[in-house]
Amino acid sequence: MEISVSRKSHFNAAHRLHVANWTDERNKQVFGTCNNPNYHGHNYDLIVTVTGQLDEETGYLIDTKILRDIIKEEVEDRFDHKNLNLDTEEFKSVNPTAENIAVVIWRLIHKRLNKNVTLTVKLYETERNFVEYSGR
Amino acid sequence: MEISVSRKSHFNAAHRLHVANWTDERNKQVFGTCNNPNYHGHNYDLIVTVTGQLDEETGYLIDTKILRDIIKEEVEDRFDHKNLNLDTEEFKSVNPTAENIAVVIWRLIHKRLNKNVTLTVKLYETERNFVEYSGR
Amino acid sequence: MEISVSRKSHFNAAHRLHVANWTDERNKQVFGTCNNPNYHGHNYDLIVTVTGQLDEETGYLIDTKILRDIIKEEVEDRFDHKNLNLDTEEFKSVNPTAENIAVVIWRLIHKRLNKNVTLTVKLYETERNFVEYSGR
Amino acid sequence: MEISVSRKSHFNAAHRLHVANWTDERNKQVFGTCNNPNYHGHNYDLIVTVTGQLDEETGYLIDTKILRDIIKEEVEDRFDHKNLNLDTEEFKSVNPTAENIAVVIWRLIHKRLNKNVTLTVKLYETERNFVEYSGR
Amino acid sequence: MEISVSRKSHFNAAHRLHVANWTDERNKQVFGTCNNPNYHGHNYDLIVTVTGQLDEETGYLIDTKILRDIIKEEVEDRFDHKNLNLDTEEFKSVNPTAENIAVVIWRLIHKRLNKNVTLTVKLYETERNFVEYSGR
Amino acid sequence: MEISVSRKSHFNAAHRLHVANWTDERNKQVFGTCNNPNYHGHNYDLIVTVTGQLDEETGYLIDTKILRDIIKEEVEDRFDHKNLNLDTEEFKSVNPTAENIAVVIWRLIHKRLNKNVTLTVKLYETERNFVEYSGR
């Protein structure tokens, strides 16, 4: 049986939903107020979960201090207090929906982990809207 | 890999736990104070999760505004500020346990969704007691 | 300087808002869905706060176990899993708005406390609607 | 003795902290990452509290549906999914710190209420940073 | 399709992370401040989830009052207001990491349940660090 | 009118309630399981609130980054991952009840602030038990 270890963190960012090769009209119709040209913003809450085998000697799957540092370097330093559309490489041409942000974060953290664990990323855009992306 | 999108909502309702073809004595013994003849009530918190393939063009799995409207029409308009046992068709002959309410909500929302997604319904009767029902 | 000690608890109850000497029409107009004849319900969250002088010897203002027992006897045993309008003496002729419930709870707990403390009752009807009543 | 009634709501907005008649250098030094030229954003949680005399007949201080509508018209419709610095009149020349946003919201709601009540505005910029402004 | 029923509870305990057959130096290096010789402590939040077939007659998977009593007897009575390293049999020779505490709680509760259900134990050491262990 | 700015933080510590010049019997009778000789522990949540005049130029009452640093230096560095009774000067001879911890924290932070503000310390020992101490 495997065990999961989770770490919660957060970052604050501005964004707008916008597909570059659509007309302004279509963007407005599909994304509504989320397409506001001058951006709006969120406090994103992030839960990163690693699932794998327990190390019998330490009693750890992964030291949460290590997980905390990976999240800080890959997510907080990159996205906190930023405009996702303007200030980041990752969303220059990718629409920063909650789904896409979760996939991007999954890829950034996954490359830092051992490949024998499952990684799950849960991202709250608001308390009421959230997404989850998971894989090994 | 699939992705999940969740939407949280809530409704307030009265109910009592009661099996129609049991004696009052047996109902009282099995359900205790939850069997109170004059009903009691809850603020039900509901998390509806849809799991499936990301639309690469929009970056959406499902627009949460659409999910919000389905939940409003199928759940809130039907159950909010109601007595589940007396005011609803669904629980005229079905005992409104948290488990049964989750199954009923799953069926109501499932018929509104594309059939290539998994639907998960998580229902909090209180902060401490909650149930989850999931299927495709 | 005084100090405050708070204890959080909760109870689940059914109620309807209804003024006995009004017409059904006026009740419906003023209270809307909260006037539903068959009742609806809530998980009421309750925070009881006592403010007064610290006992230098024990380092306590009031033992929270004592406060917990007073709340259990005066509030939970009386209102939990009840229909406030039908099953309780207190709301036979008093409209069970959040405001009135807070005032009733204040009076029930106040008579159990030393008279040299301030008592504050904060009652959450939902996470979004709550009231507070305070006095010595 | 007076009673308080509170209503919680929220809005999502982009902003940057910036004093117009300061140099860029001084803005950056005082406000740090909050001065990011391309903005960042928050999910602002707002608790509006009205304190005054209970109406003995209805058992209401103020109908929370009325309070909800005032908050929607004065705050949500004005600030939700907006860039506070660019899209609003209120913060064209006022630095949108949490303190200033709370004062602006207080003035907007205060002019809609009877003058014999106290109005308190509590604004959460994040779960960890919040402000409160109160007066009659 | 199966359904899940969850019950949340909590206990407060002191602990230190320490592997008995390591040097003090290595313990300090691996576990940092969590290795503090005089212990530190946590409010552990625990969510116990049972997954299985719904009983069509009662509308229950498992009565949450039964689940509550099992948790009280196996977890709260054993660990609440205790020093896990000094006061319990379970952690005399097992390092009380969140992972190991979850596995121990899983075993204690699992032996009290019918063997045709899946048991999941989710343990929050803090709001930001939590683990999950699941199996049939 | 004055404004308040609050900052939330937390620390994890072990403690036991014990009055040095009482018999073991009396300590056990008054403090119950909180008197456990081998200690138990808590995740203490702390909300520090400063109330005073807004600086019209910056739009700040106090920069929350400054407040965060004061809390880190005076509270977190001193008490986090410690045994309050054994590892700290402050509780060598003071019983670490929630009330006394709040008063000690108030004094530590108060000496770091300008004297023209009111300081309020709210300390959660658990989600259900908390205290507040306030003064200028």
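The chains carry the letters A, B, C, D, E and F, assigned in the order they are written, with residues numbered from 1 in each.
To be clear about the criterion, contacts are C-beta pairs under 8 Å (C-beta built on N, C-alpha and C of every residue); 3 or more make two chains touch, one makes a residue touch a chain.
The shown structure was predicted, so the numbers you read here are calculated from the model rather than taken from an experiment.
Where touching is counted per the definition, the chains common to subunit B and subunit D are A, C.
Of all residue numbers that take part in the contact between subunit A and subunit D, over half occur on both sides, making this a same-residue interface.
Annotation: 29 Å between the Cα-based centres of subunit A and subunit B.
Centroid to centroid, with C-alpha atoms defining each point, subunit C and subunit E lie 34 Å apart. Computed centre separation for the pair subunit A/subunit C is 42 angstrom, with centres defined by C-alpha atoms.
Each of the following residues of subunit F touches two or more other chains: 127. Listed by label, the pairs of touching chains are A-B, A-D, A-E, B-C, B-E, C-D, C-F, D-F, E-F.
Interface residues of subunit C, counted against subunit F in their complex, comprise 1, 3-9, 49, 54, 57-61, 63-65. Interface of subunit F with subunit E (complex): residues 10, 12-15, 33-34, 36, 38-43, 80-83, 86-87, 126-127. By the touch criterion stated above, subunit A contacts subunit B in their complex at residues 17, 19, 30, 32, 94-100, 102-103, 127-135.
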